[in-house]
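Please find the structures below.
Both of the next two complexes hold chain A, though its partner changes from chain B to chain C.
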Partner chain A sequence: MNGMFKFRVSNAKLLRDMVAAISILVDEATFNVTPEGLGLRAMDPSRVAMVDFEWPKTVFEDFICTEPTKMCINLGELLKLIRRTVKDEDIELSMDEKTGKLQVKITGKYVRSFTMPLLEASEEEVPTPKIPFNVRAKAATDGLQGAIEEAGLVSDHVRIEADSEKLVLQAAGDIMGATITFQKGSTVLLDLEVKEPSKATFSLNYLSEIMKAASATSDIVTLEFSTDMPIRLDFHQAIGGKLAYYLAPRIESA
Partner chain B sequence: MPQPWTIKHKPTSLKEVVGNREAVQKLVEWVRSWDKDVPKHRAAFIYGPPGIGKTVTVEALAKDFNMELIEKNASDYRTEEAVRRIAGLASQYRSLFSAKRIILFDELDGLTGSADKGGVKAMVEVIQNARCPIVLIANNAYDPRFSILRNYCLLIEFKKPTISEVMRHLKNICLKEGIHTDENALKFIAQRSEGDIRSAVTDLQAVAEGKKNITYEDVSWLGFRDRQEVIFNVLRMIFYSKTCSGAKHAASMAEVDPDMLLEWIYENIPSHFQDPHELARALDAVAKADVYRGRIKRTQDWSFTRYMLDLMTAGVAMSRVSSKPSGWVPFHFPTRISALSKSKEERVMQMEIGRKIRRKCHISAARAAKEVLPYLRIIFKNNAKMAAGIAKWLDLTPEMIYYIAEDEAKTEEIKRLIGI
Partner chain C sequence: MDLSFSKKHYKNVSANLWLLDVLKDSVVANEIIDESHLFVKTLRPGLCVACKGARFLCGKTRCPIIVRANFYLKSIPLMQSDDIEGTSPPSIFVGRIGYPYVYAGPLVPPVKADTSFYDLPEHWFGKSIDEIVGFRSLLIRGKHRVHVERFEEAGKIIEATRELAFAVKPVDVELILKKKPRGYIILDDEVQPFGPSAPIKELKIGNVAWDNQIEKVHYDTDLKAAEAVLELYNRGVLVTKIQRAFSVGAFGLGKNRRLVPTRWSITAVDSIISKYLMDKIRFLPEMDEYRVYESQYLDNLFEIVMLPGKWSYESIEAWYPGTVWNPYGKSVIMYSDWEGYDGRSTYAQIGGCYYAARLAVCEHLVREQRQATVIVLREAHPGYIMPVGVWQVRENVRNAMRQKPYIFKTLEDMLKFLAGRFRIPIQKWLIKSVLLKNALFQKKITDFLKP
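Here is the complex of A and B:
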């Protein structure tokens, strides 16, 4: 077994929400634990979406890591264990050197300690997609989430379009359609920078899952996209660190 | 850690793919046609015998065309839901990293029975709506299970490469590995493989283990092997299975009879069990299996076979506590069998002489060869006159006389005394 690690978060809810946000894309997640912090980059099985997560060690109450290690765990199982945690509970993850298992210690009104297996880490290094973004929009997470839900009422995919004035979500189902417009400078669309007008179509299933899960961790999201290129949704983290998703565009029939 | 050559020397570009020029061209044209519009067939169905480079071709194609390859094996698409969730989505969306993607369903033959019916149905739906190329691979596209699927696919047949094509590939590998080879040796391996490049490369690696020079002698033992690849996999499963049932199951896949499998296991145990205690236990299990083999032979009570099988598979697998050989350990053909076959001519000669003796002495040929022949040898070597008398009485041929006397001059003397 290589290096050991131990880290503690004083607000268990933070960890719970983050694990939930990652688990929408991957069941088995391989985290990189380094002396600088915790990170993960992973794709869903269909390779349509990717999550890019980073928590520097400043997010943690305590953070000990002697050498870079991979920590692969089943997120569903971990989520089960920490689902009942609340805000003022304290949670500590560590590797038990003797058994090679992950120890999850939750301290609240009482102390509970779980062990769970560490899985074989995946060797795949997921690179960061290199995309020349032409649109950059800053939005309130809850407002955008609402709009995505509404578009989901009529279709399973949505076209996101932007020009210098506005951001438009256009959903066309078999029988129904929806157009949702955000004017620049409104309470939902806080900022909009457009190098050139762009549009691309994305899966509403993924978008709504992502918005739902990530909104628990963030109030502001930055969307970046270009015509027929992947979109990047960067959820601003007040406590520091990064939670961003990439989503591939739908192939439009010619 | 040594890597299997089938992976180390895998073609990385279509140019390096062995054989099947026309089929590869057809595939390339089909993939190119996607640039213009969605073609008539949204999927290509590549079929052909194992080990001829079907999967490798698709991988090389993806690399050459800078496409993201999403590779799925049978286990990933057993159920309807799995096919929809993974391939259904993947075929509608672009790649995050490159402009295009291609989806590969490999080893379609692995789908079994009714449990996978939903999988095939979902696959047809995925193909009908696909917005990127999908490639299916199976050994036999004309299997009834794929009848619906075939209608939606461009069928591309991959044929076995010719012997000279396989040889060229083997030669390239030898060049890269810095190994000198006899032309005949390569030809022999290529012929044995019957167009199966993967097994040819595996064979080459097995014979080249620790050598810088390969001669025809080195490869001749391959002549006895019958679909070595299958037996290699079976052995690997038996030796490294963690459960009894896994090891027993492996034996049922072997295409050789239990006696032969026992020889294979016996031959390869020492190199795969490095801990002496585990090795002792494994050999003990094989020894007990051999006891049962003896009882089966003697009593013809074939119901003992199960004990023999369980001991030599599960018994061996369970001998391993923790140790694992470091690195890749090759499997070897049972030396006992090749030794037997080398001595085959000698045994035939002995039996022929035995039959001559049988006729005169009224004992079995086997017993004659075993008990009488050594005495004849002493006589033939020391007393030409007496030998001539016996040879005449037994009606031995000159070859037989030479075999017994083991000496040119003595043979001539005996022949002269008989008058032949």
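Here is the complex of A and C:
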């Protein structure tokens, strides 16, 4: 059975951007609501990417949850309701005990209250992949996003490789190619730790969607990867909590 | 390549008059053809002059100019009168040129009989190009200029044309034209071919028995066009009939109704229905094996590949040199487009055939209650000398879906099989196919989760 919950965010933009960042991978999202906070871990329909999200209750203005429960909602629908909000408005999500629906109350210059259905929660608990990462790079989100967009001009996938001095994005299309180099200690590549030189190839579709959506929530991203393993992109959250993505590699054996 | 028979006098075309020499063998031609009517326009006049339809220098298996000229000769008797009495299948055509001012009107053959077959592509599968072009070229197109949104006040001609689109069976029509019909057989990749045309002076139609189901949604002016299409489809109305009514603005919210060019309405209906089916498919269990369905018709080979996984769709066409859309090339040309799980919001570059094939595969997945990653691979061989309309793709893929599939345990086995079916090396298909490359190379997160 569903327990009762109610939580309020004083800056509507935070919630809006976070919902948008999760919705690029999942449409029907099952959140875990516990007395400690809000969390979600889910894969996209083709299971190529995973999002791992957590907001401790300290992110919220008010946070009430009597017992752990699941909240499954259609993020596309929620996003429609809160798309017009601005940063000094506040949003409260609560479960209406009588109807079993989600109540979305937005308070700004005026108050609007929406209800939307709570869907059947997915019971699947996905673990995160345990990967021995050999490269750990800290980068400015906007700089890296720009580079990903540029690689997307010539190809639909990109090879990311690193040695102790630099991080390189290499894209090869049918007729064009691109090489983008970040030197360690530059204004984009803030830090680089390399246990052993590594390289792996990823879909630019996914990468650019992730970078675009998550950059609204974060200025700094930590990349972790190893040769032919999934990459982890951890977007640093100034308000606390976690927004990380895993993306499986392309391996062209032939 | 374009072949036109025109009244205009062209200068410097003497080099092109070889066709006349070829046709002089024909008795009819000798009597009727005026030299100034005949003009061959082709990108490689030199080649055609040297070949004169006899040596197939362009690589096609038959000379399209001669084939068309034969149909032209057959339709010459049709062009002797400006008063056409016949039975419309029923069939209508709305052009797109000049949109929003378009030419609309009926297609009428000078034949009094049950002609319903002339406009029912659902029943044409298996017929030869000659047969299809044969009966389609009898259809004379009457045309009347009208603004797509102002069809209500456009007068009796448009009123009668619209009524034809609602008819459940053939209708006797007297089509009085302003002049004798002229022109050549129209061939198009999207639209079924039809014959010569002329502006309408008067259009008289016999009693029309309305199609009850179409009539019902027609009178509902609060029902959106897409919903009307789906309601008819779910009641088993043929796609062709829905498209015909769609093109005369039969559906939709009252104020939004308008004429829709035939080409656009075909793709609109294919797209609306398949979108609706995709919404169902996304909730179905995933296929757990690799399948290949096959069909070959009019020298178009279709291999439809289904892979385990979530719904996504790709369509790739390969045109041999000498085929309709690659007449002069030295190598095979491939076009493709694809969409992921969530579908697409932009128009597919490869055009109407993308949507026609998508409809056919979606129908099958819903019947099977499965979702899958589907790739439609089409190899057009040189025997496909003339386009006959996008129905060929829809019915060819539907036919493939009726066959027993070849089933494989692994992607590698399936690709080996495919390599043996196509003339084009499998590597070329792989380079072009986003979804096959994904299946081969893109790992999943679950591959890295230890059980």
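By our rule, the second predicted complex is superposed on the first by the 252 of 254 C-alpha atoms of A that agree within 3 Å, B and C clash if a C-alpha of one lies under 4 Å from a C-alpha of the other, contacts with A are read in each partner's own complex, and residues count from 1 in each chain.
As a working rule, a residue touches a chain if its C-beta (ideal position, glycine included) is under 8 Å from a C-beta of that chain, and two chains touch if they have at least 3 such contacts.
Keep in mind that this is a model prediction, so the values were computed, not measured.
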Fit-or-clash call for chain B and chain C when the two complexes are aligned on chain A: clash
Residue contacts with chain A in the superposition, chain B compared against chain C: C
First (chain B), second (chain C), both or neither touched by A:Thr217: neither
Touching partner for A:Met43 - first (chain B), second (chain C), both, neither: both
Touching partner for A:Thr30 - first (chain B), second (chain C), both, neither: neither
Partner chain in contact with A:Arg250 - chain B first, chain C second, else both or neither: both
Touched partner set for A:Thr69, first chain B, second chain C, both or neither: neither
Common interface positions of chain A, toward chain B and toward chain C: 43, 45-50, 127, 129, 203, 229-230, 246, 248-251, 253-254
Residue numbers on chain A that touch chain B, as the complex places them: 43, 45-50, 127, 129, 203, 228-230, 246, 248-251, 253-254
Chain B to chain A touching residues, read off their complex: 37-38, 68, 70, 85-90, 92-97, 101, 131-132
Footprint of chain A on chain C - complex, ascending: 309-310, 312, 340-342, 434, 440-450
In the complex with chain C, residue positions of chain A that touch it: 27, 43, 45-50, 126-127, 129-131, 156, 203, 229-230, 246, 248-254
